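Some structures to go through are shown next.
Both complexes below contain chain A, partnered by chain B and then by chain C.
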Partner chain A sequence: MTTANILAIADQQQAVAAVLFYIFAGISAISALGVVISRNIVRTAVFLLFTLVGVAGLYFLLNAEFLAAVQLVVYAGGTLILIIFGVMLTSKSPFSRFEPKAVEVVIAISVASVIFFALVLAITRTKFAVNPTDFTAYPIDKLGQTLLGDFLVPFEIVSVLLLVVMIGAAYLAKGRRREAD
Partner chain B sequence: MTSSLLAVQLADPRLAWAPVVLLIIIAVGFAVTNVAVSILIGPKRSGKVKETTYESGMVPIGDTRRRFNVRFYIVAMIFLVIDVDIIFFYPWATIFAPYVQKMPDKSGALLIEMIVFVGLLLLAYVYAWGKGVFRWD
Partner chain C sequence: MMDTLKDWLFWIPAWFWITLVVHFTILGTVAYLILLERKVASWVQDRIGPNRVGFDFGLPFLWFLKGMNGLGQPLADGLKFIFKEDYRPGGVDKILFTLAPGIMILTIIISIAAVPWGGIKQSTRAIDLGVNDTSAPVPADQLTAAAQKKLPPGEVVYGVPTPADQPGTYNVTFRYSFQIADLDIGVLFILATLSLAVYGVVIGGWASNNKYSFLGGLRATANMISYEVPLGLAVLTIVLMYGTLDLGTIVEKQAWMWHGIIPAWNIFTQPLAFLMFLVCIHAEANRAPFDLAEAEQELVGGYHTEYSSMRFALFFLAEYAGMLTTSAVCVALFFGGWHFPGLTGNTDPNNPAVTSHLLIAIVRCVVFFVKTLLIIFVFMWVRWSLPRFRFDQLMGLAWRALIPMSLVILFATAVVIYFFGHDRALMRVGGKMGLILLAANVVTLIVFFGAYLLLPAPPPTNRRIRIPGSRFNPEPALSA
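For the complex of A and B:
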């Protein structure tokens, strides 16, 4: 295989990566618009799911597999489920809809435009590296080795934290039921 | 120079995701094709029964947008805790198989570390069980 061949393959891969980037970024952007525009709270949650999945795809493209997995499992899986459960457990009217007042719309637009302006300013002023960083520098197995080697005690303490969360949730749920009886 | 470039190309971890992309394409394609074909060639008769919500053959009760029993809250919490737990399986799983192959004497310690991690959580599960969280009465 000649160098020219390899460079051609590299070009191809970059083209594929670019196409994937635009697909994922498009999914995220359009769904984010849907989140803002939709008045139906359940539809908003579904749009949010696609936004989060699109962002996870971008993380995959950046070779941040662990971050992408966290994004999918914790945000797209966990947080969204919590939002849906929140709607299911609390919704009173058969079709709960957002009816924002004019003042709220004005406040939202002004805050959003300030953030948008700051983001555009930050992106245009940042000097991005032309050469891609070495994506083999932070492999997931290295993370595993560090977590289960040097940071074993914090790793197990995470489990204790989750234990406390679960016991707390069970205690609260049962306490509420006893009051009801 | 050529060999090192080739090594970089072959080691590109993005290529390892090709099966996942293929799976997504097949899944989305299957769903879209089924709906499209049934719209195109399916019979279009409508009736009172046909316009009810499909509930796997059952007669639907009420509306979807009603308030659900608050007991589902504990189901959501347990799901979330296990969900976060799974995240920590990922880095562990990537190193466990290589350790078993290359350093079998160290893989036992690795397994015990994970068993302790899961066992602590199982304790909470047993507590919730004992509290009667899973009873539906």
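For the complex of A and C:
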């Protein structure tokens, strides 16, 4: 595909993309609200699933297909399922509910509003390129070469960190079981 | 009138027809797969199987549609599911109970979008581009852009449009993939969406408010998460060989013959990776011998114990649709997809996937589909032949056998590619390199079998749990 092809396709798809954008953004926003409002832990996790899927849809719309797929594999398919697993295995009653105290509510609201205003400021003050032309800037092979070339050391450090976390978690889990025996 | 209609049909984009046909074919096939399953079961067990329901609906004047060797069975099953009482037990989480089967079938149907059914179709059409300035030749870029704007999404202009008979009209050659969505990351997309299907199982099991359903859901989750690792690694060996995640390209690179006789499919270069992939997709589908999630002797029915009517049917259909997707990926990765000896497009010598004949594209889809059905037959054959694993055996197979083996084969493939790098222009795997890859597979298998023999043997019996009164404990049961 040449640049002329890609530009023309993008031009043509703008109307469809706009509709899809509002659908995905709506899914993300509403289910993000659901995550906060719902008192049932598993329902919260399911709302979080829809938030993550909505964000993945937005990535797809932005032609960042790899990022979208990774979002689905890592966050929706991996991390969240482990959270649900943990909640289900550890909660005392099957339909356990959050009962936050007044202090917790106040702290949560203040932290959330600070982050919200920081984000609003960041978004309004940044100058975004209105008509991005370079769609093929980050194909997967380039991404891989960058990760394992220019950014090899940070990449390896993060890997080692994750390994340490994993071994630590396994050790802690094992230690508790010995105590139980 | 006829011409307007024809024009109108002409401008409905190709992807629309492909989507329509693929979805109806998949849903129809899934219904008939259930009949096939029962037929295969009866074949394995030396029975006749369902052979009564035809299409006569009990009407005497339709006598000639009676029987039909049981072909009407899926229709009868579907009607029965629809008219059964939609029962929801008390104490369930009402929203999630309904949502779970929906999530399951939705994710699996979405994942089918990236399967490359028929290669790439090339067509030429005379289009009025609206560039009427005849005084100067129009720049090629501008022509391409104008032609691209006139085409529906998914169809990409190939080359530069050439002037046709009428002024302002150009012959535009364009290509489109004969699949629903041509994604650069096809394999990853399918793995990602399939990994979401586990939510249907786990949420369904949890929302039922039933301990057995919950246990089934947990088992299914542990099973699917564990087997996703070797599945991904087996896929990675193939991705490594071609340097792309695009399923269409992976199929295209297999569409040729070694020495004109052996098809260059990956099953011949990576048999061990294929074997691991096959085991993993069995586990992902939660079918015997991996159907711990619905072990009826232990869990009544598993995560769908409390489900009835269409909600149960959705779970049931999702299982078969999932098999269809994973088998299609298996065919694309290891069996050359739509390629069949003698069936290449010949439109573009550098790219055997491109064809300008609609008939060839359709025949390719049929070839792909038949190969997929053969893999599904293997699924059913295995299900009715092998007994169920114990849970620790299931986990042991994934973590002690499949994952180390797939890591070794991935490493071996990387080494082979590094030292015997293939023809970079064509990115094909064949000749010497194919033989070396095959040798690497065989050596890995032998080494692992040798290592298995050297390992200390596990105790020959199951671990005995001393429950008072059980047959492993001669003490009498504690009586009140």
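Operating definition for what follows: the second predicted complex is superposed on the first by the 126 of 181 C-alpha atoms of A that agree within 3 Å, B and C clash if a C-alpha of one lies under 4 Å from a C-alpha of the other, contacts with A are read in each partner's own complex, and residues count from 1 in each chain.
Assume a contact is a pair of C-beta atoms (placed from the backbone, for glycine too) under 8 Å apart; a residue touches a chain by one contact, two chains touch by 3 or more.
Just so we're clear, the structure is a prediction, and the values are computed from it rather than from any experiment.
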Tell me which partner A:169 touches in the superposition: chain B (first), chain C (second), both or neither. first
Per the contact definition in the header, classify A:14: touching chain B only (first), chain C only (second), both, or neither. neither
Is A:159 touching the first partner chain B, the second partner chain C, both, or neither of them? first
I want to verify the contact counts: of chain B and chain C, which reaches more residues of chain A? B
Under the stated touch criterion, which partner chain does A:85 make contact with: chain B (first), chain C (second), both, or neither? both
Name the contact category of A:76: first (chain B only), second (chain C only), both, or neither. second
Where does A:143 make contact in the superposed view: on chain B (first), on chain C (second), on both, or on neither? first
Applying the document's definition of touch, where does A:110 land relative to chain B and chain C: first, second, both, or neither? neither
Tell me which partner A:49 touches in the superposition: chain B (first), chain C (second), both or neither. second
Where on chain A do the contacts with chain B and the contacts with chain C coincide? 1-2, 7, 9, 13, 42, 65-66, 69-70, 73, 77-78, 81, 85, 88-89, 94-95, 139-141
Where on chain C is chain A touching in the complex? 93, 95-96, 99, 141-142, 144-146, 148-149, 153, 156-157, 183-185, 188-189, 191-193, 195-196, 198-199, 202-203, 206-207, 209, 214, 218, 221, 225, 228, 243, 245
Touching chain B in the complex: which residues of chain A? 1-3, 6-7, 9-10, 13, 17, 42, 60-61, 63, 65-66, 69-70, 73-74, 77-78, 81-82, 85, 88-96, 135-136, 139-141, 143-145, 147-148, 152, 155-156, 158-160, 162-167, 169-171, 173-174, 176
Over in the complex, which chain B residues touch chain A? Could you list them? 1-2, 5-6, 9, 11-15, 17, 63, 65-68, 70-74, 76-81, 83-88, 90-95, 98, 110, 113-114, 116-118, 120-121, 123-125, 127-128, 131-133
Of all residues in chain A, those that touch chain C in their complex: 1-2, 4-5, 7-9, 11-13, 16, 40, 42-43, 46, 49, 53, 65-66, 69-70, 72-73, 76-78, 81, 84-85, 88-89, 94-95, 139-141
